[in-house]
Amino acid sequence: MDDGLRNELSKQGVVVVKLEELYNWGRKNSVWPLSFGLACCAIEMMAASMARYDLARFGAEVFRPSPRQADLMIVAGTVTKKMAPQVVRLYNQMPEPKYVIAMGACAISGGPFKQGYNVLKGIDRYIPVDVHIPGCPPRPEALIHAFMTLQRKIDAQKLTGPDRARHLNADLPSEFPVPLFGEHDLVPSKNPNVWRPAVVVR
Amino acid sequence: MLGTGILKGMVETAKNFAGSYHDPERLTTVEYPEQRIASKENARQFPFLVHDTEDPMQGLRCVACQICEKECPPQCIYIVKSKDKRADYKGQMQLYPVTFDIDLSVCMSCQICVEVCPFEAIKMDTEFELSNTDRFGGLLVNKHQLAKSNEHYRKIHPTEAAVSDDALAIEVAKAKAKAKADVEAKAKAAADAKAKAEAAAAAAPVGVAATAPVPKPSAPAAAPAAAPAA
Amino acid sequence: MDGTQFMTFHDLAYDAGKTDFQRKAEVIGVGREGELLEVAMGPQHPSTHGVFRMDVVLDGETVVKLKPVFGYLHRNHEKIAENTSYLGSMPYTDRLDYFCSLTNNWAYALAVEKLAGLQVPERAEYIRLITAELTRVLNHTCLAGFLLQDMGALGTPLMYAFREREKILDLFESLTGARMMCNYMRFGGCRCDLPAGWLAEARKVVAEYPKFLDEFDALLSGNEILMARTQGVGKLSAELAINAGITGPMLRASGVDYDLRKVDNYGIYSRYPFRVPLGDHGDVYDRYMIRMLEMRESLKILEPALKDIPEGPVVDPKAKLRGFRPKPGEAYGRIETPKGELGFYLISDGSPNPYRYRVRPPSLINLTILEDMCLGQTVADAVITLGSVDIVLGEVDR
Amino acid sequence: METLEQTLARAAVAAPGAQLSVVKNDSPCAQHSLLVDVEHAYAVAKFLRDDPQLRLDYCSNVTGVDFLDAELSEKVKVKKVVDGVEKEVEEVKKTKRAGYLEAVYHLYSMALKHGPVILRQRTPGRADPVKVTSLTPLWRSCEFQEREVFDLYGVLFDGHPDLRRILMWDGFKDYPMRKDYAEPDDYEYEPTPHDEVLEKAKAHLPKAEVKA
Amino acid sequence: MAELFAKLDQFPVTLKAWLMNLLQGFLPEWTLPLVSAAISITPILAVFPLMFALTTVIERKGLGRIQNRIGPNRVGIPLTNIRLFGFGQFIADGIKSLIKEDVVPRAADKVVHFLAPIALLIPVLLTYSVLPFGKNMVPLDLPQTGLLFFFAVGASTELSVFMAGWSSRNKYSLLGAMRAVAQMVSYEIPLILSSLTVVMITGTLSLTAIVESQATVHFGFLHNWHLFTPWGLVGFFLFLTAAAAEANRTPFDLPEAESEIIAGYFTEYSGFKFAIFFLAEYLGLFAMCGLGITLFLGGWLPPVNIAPFTWIPSWCWFLGKLSALIVLFIWLRGTLPRLRTDQLMGFAWKFLLPMTLINLVVAALWHLLANNIPLVARWPLGFAMLAVPYWLLGRSFEAKFTKREYRFAN
């Protein structure tokens, strides 16, 4: 059914609901984050769920302590090399469909600490990230904005076809290899299947 | 008696529950996308480049001195100097940035680039709704995205902008006087004049702009290319 | 192997090291592995205040061994600072103890001022005092919330604490531009002057704060469950506290009168008479109450300070922003942050970067005796004991 | 509080055989420190803790410092006969200094509320074994801090009850805070490269893509 | 007018009778009991899960209000912009739970892991079969054993909780399960003992009969709810306390203590199984509240026997009282911190148990002296008999834990 016909029908008072839309509607309106804080940004993440900003308005205040019950991982803070395997493991433990928000400069790229010997230069080296929020730390509103960005992204996902959502595509992995502690660095230092650095042409 | 502490606590939560229906102190939620908390005047998020003319690229105050690039603690600024020079707002020939990139995904919003800039060229913006699904495409911003007008600066930080405008006006006045003197003297070589102007630029107030008592002539904001090119 | 043996363990004064560790080894070993349950709490655990891990060995629910594991947030602050200019490290200090960026700033600025011999103008001293005390109030408020959260009070106290935190953060934001990472102090003063109307706003917040403290007291301080949960839990004797270098409210809850604001007399604290509350039991309840009382004392400093603040410059004109190179030498500067003694040890070799930059983190050192406090108690006690230590991982691991 | 020289004299009596010296600090705060040899560090520290005049019951801070092998240049005024006249001439005297690692202890007294007394221990060199004496048996507060110095500098503390890595993971081999530590080359792509990163970028990416 | 309301009151009963009459015609006789049961079950399965769904939203909104914020208010009717004050939140949560991947840990005992949520839900639903929701509205009237059946079935939830915790092969789950079993077993005793008073007074185990026994009228208008007696008042609060512990509600939520053992026995459950745990927990709470209402709050009876109150249908009274109790539990949840394991046990054995035993004595005396001493004298006497031990127990608590005075250094 094409959009024109749907519009016509809805004008006539006939509501046609695609399963896909209901599916996406349910997912986007019930995103339970993992209560998982790493560093400074975690405080602003908490602040976002507190009275002034109230993430609960979107139905997302149910911070689940167990990854099994969470839908969204907010990587809020610096991911160190010592912590990175844990983060990947937690991601693997989450049931599909799952999303990742990289909150703050450190989570995206290592941020101000990227020169450090124990700092991972961005969590997207090991797991796919859906939304990035710049800032150090981002304001709570910025997190809410990112949350709405994520909702839009979920809404646009397809259930079938070649560009269907990752969790519905059996060819794409839902678990990623956990890096090991090496003698000088994590082994491997990135997951080439996930991390594809773009080369910016200036 | 046992239980009074618990009851007291319950009274307190009940007060808050009831209060949330009539007392704004007890319902502090600001419903973000529709309502917004008023932005503080000093608030800072990410840097932007100030420009004075209609064409953002022509009026950039930045002269690619690379001080901010060096001082930036997380090193998120990337500047490539131009090979040629062009007239700045004082009419002096200056370099300009061919590339001016800021990686917002690294920036820690510390404002040190603003403090160390001798040219009032880089300032802090208050925009925070920058979340993006694209790490490199969305968060690596170039000079076209960074350039914002002085009007924008005056709008978001009126007090600070007034101080910076005044400082620039003095600079322009000085440069004008100097140009006049140069024209009148007509003896010195152009290179000599430039050296002096550079010295003057180097002595410009750095970072103390906020605190140093700056005389406030009611001169208009720095008009680019007001003085004839030497 | 009875539990009582460990119950008295923490009451012993720390005696020459040997016995303690030997006893620990005895406690852990003795071939009971099959009966004991080993649990790694963390690095992702709701109550470890960040990425901290406690390797706990449990006998039923009783803790018989507890090893803290650090480093999950070790982001090389010291190494980065040795490769950055003195000024460039200032924003990084914000991220040490991310609740108290302004006191971190102050400690670092103080150390550099000692190193370079800079003077701070009068007005800047006042601003530093005011912001530091506001930070103390902010930190203790949040801690009380988090402690209650650890005790299972499902967010309500934390929400009230964060409601008040927002008020102070508003002040910080209008003064410094950022909510949490203020990056406000400079060597020889502060970055910018107070904006118009700030003092009035601050006076209003300070005047209304006791109302919140009363509310919090009514909500929880007399609550029977809270008293039963915290009294007699996580006891720490004064002798062990001193030997283990515990500082801040935790030390004072054990009854040791040592407050750097009084001892070092840094800043202009000597101008304001404030009292230092002391606990007698050194348990979690004392640590909680000492912080509640300290907040009231801080408000007593703030009220007159906000009235007395003089006009004048806010930064030493001699202090250079760019090209700042102190002479070779070293300095250790410390202040009383909300969590305890925060010290910065700087060695300069005359270059723009410090040769050695060391942070003496109160949170890490306050954790030294975590095991001693938790042995023989239940998991739930270990959780609130950790909560009462008041750690911030940014500072523990740096 | 007595001067550091007085303390030194009394400590030398209390711990016979200890090689003690005062390390001058030129900065305005003038916090001089006491350098003690590794063998007698424990005895001297015990004296400092237990002496009724000092009672340094609180060890605030333990720091590791790395000094690389260096060539020190010192300006020395030398009398020289120049052109037949004796003159004072400034000459740069160069001395080679072997590198060493230091453990610095900042001691305070909570009982008497004074301090700091700064105690330094130096290793003879930077190569193995770099050993100093642990003061954890005297001050429990050194426990984690000495572990940290061991972790980041590789200084071994003799007598430390639990000397393991504290911040880095157990299998880690390097001592990252040492001045000659080379980071693993995990460079992939950084949009705003600088200094060393720029060099790495040049090595990693084809030349055409790096403009600088 | 009154007749009309009486009809409304009995509407569900008449509807069922009408349906049965209709079906009698063309269904074989042996199916009729089954059909009758199915018809009785349907409203339970419709009403209480819906109530659970709404409760989750109300709880989140209520906690929000307690905490100075709004709570869920954006998610309304699916795929529209109608927000409905956020009451569509549970639809989204339900859809999400249904489509969520179901993770079974590799090391888990897969069969038990699968069975545990079902084994929890079924007994909880069975407890509803003996609750009288309204006049003539009880799915399964067991005249001899109603209360006994409730406790017997309710007690089997411990087994399923332990199944969940053990099969997950997770240390936190196991700790949670151990806590849950210890707690539920301990609190079963004060729970039963506090209900025993009612059985003693009424002399029946039938819940319907217990409600009807409260229908007698005092002073011409006040119904004889057991709450209005000293033993009933105290017994009700003892019952509520024990019920909160049975249902793992704050301040007794140790089996799922978030800050200590992650999510307790359902740490390893995801997707719809987790939702079932959630559902069963809330349904268990409702059942407990329902029993408390039946025993002490006059079941479906209005508080007074006066016209406008009697017009309201009986099942509305029941649901209304149930909602009030749920609100109370939400309020408690928004206020109190959690107890510790040993304190929890101590509370059950050292406080609740003696109090329930004394309460039994008081109830017995109340009944025996009914003819000798007038109500006005019996009330203060009975109350004093309960208040004194309570005060003494409180004193022993205060001897251990008190507010402290602090000294100051200058």
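Here the chain labels run A, B, C, D and E in written order, and each chain numbers its own residues starting at 1.
Quick note on the criterion: a residue touches a chain if its C-beta (ideal position, glycine included) is under 8 Å from a C-beta of that chain, and two chains touch if they have at least 3 such contacts.
Treat the numbers as computed from the prediction; the structure is a model and nothing was measured.
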item	value
Intersection of the contact lists for chain B and chain D	A, C
Per-chain CA centroid nearest to the all-protein CA mean	C
Most remote chain, CA-based centroid, reference being chain D	E
Longest centre-to-centre distance from chain C, chain (CA-based)	E
B-E or B-C - the one linked by more C-beta pairs in contact	B-C
Whole-Å separation of chain centres (CA-atom averages), chain C against chain D	26
Distance between the centres, which are taken as Cα means, of chain D and chain A, whole angstrom	44
Interchain centroid distance [CA atoms averaged], chain D/chain E, Å	66
Intercentroid distance (Cα basis), chain B paired with chain A, Å	32
Multi-chain contact residues (two or more partners), chain B	2-3, 6, 9, 12-13, 16, 28-29, 31, 73, 75, 80, 99, 101, 103, 106, 108-109, 136, 140
Multi-chain contact sites of chain C, meaning residues that touch two or more partners	45-46, 71, 74, 76, 79, 91-92, 156, 159-160, 163, 166, 181, 219-220, 222-227, 397
Chain A, residues touching no fewer than two other chains	50-52, 54, 57, 65, 82, 109, 112-115, 117-118, 136, 139, 197-198, 200, 202
Pairwise chain contacts, counting only pairs that touch as defined	A-B, A-C, A-D, A-E, B-C, B-D, B-E, C-D, C-E
Of chain C, residues touching chain B in the complex	84-85, 87-92, 156, 160, 163, 166, 170, 173-178, 181, 183, 191-193, 195-196, 215, 218-220, 222-227, 313-315, 317, 321-322
Contacting residues of chain A [partner chain D, same complex]	81-82, 109, 114-115, 117-118, 121, 125, 181-185, 189-190, 195, 197-200, 202
Touch list for chain E against partner chain A, complex	60, 64, 67-75, 78-79, 86, 88-89, 91-103, 258, 262-263, 266-271, 274
Complex interface listing, chain A residues touching chain C	35-40, 42-44, 46-47, 50-52, 65, 77-78, 80, 82-83, 86, 90, 106, 112-113, 115-119, 136-137, 139
Contacting residues of chain B [partner chain A, same complex]	28-33, 36-37, 45-46, 73-75, 80, 99, 101, 103-109, 128-140, 142
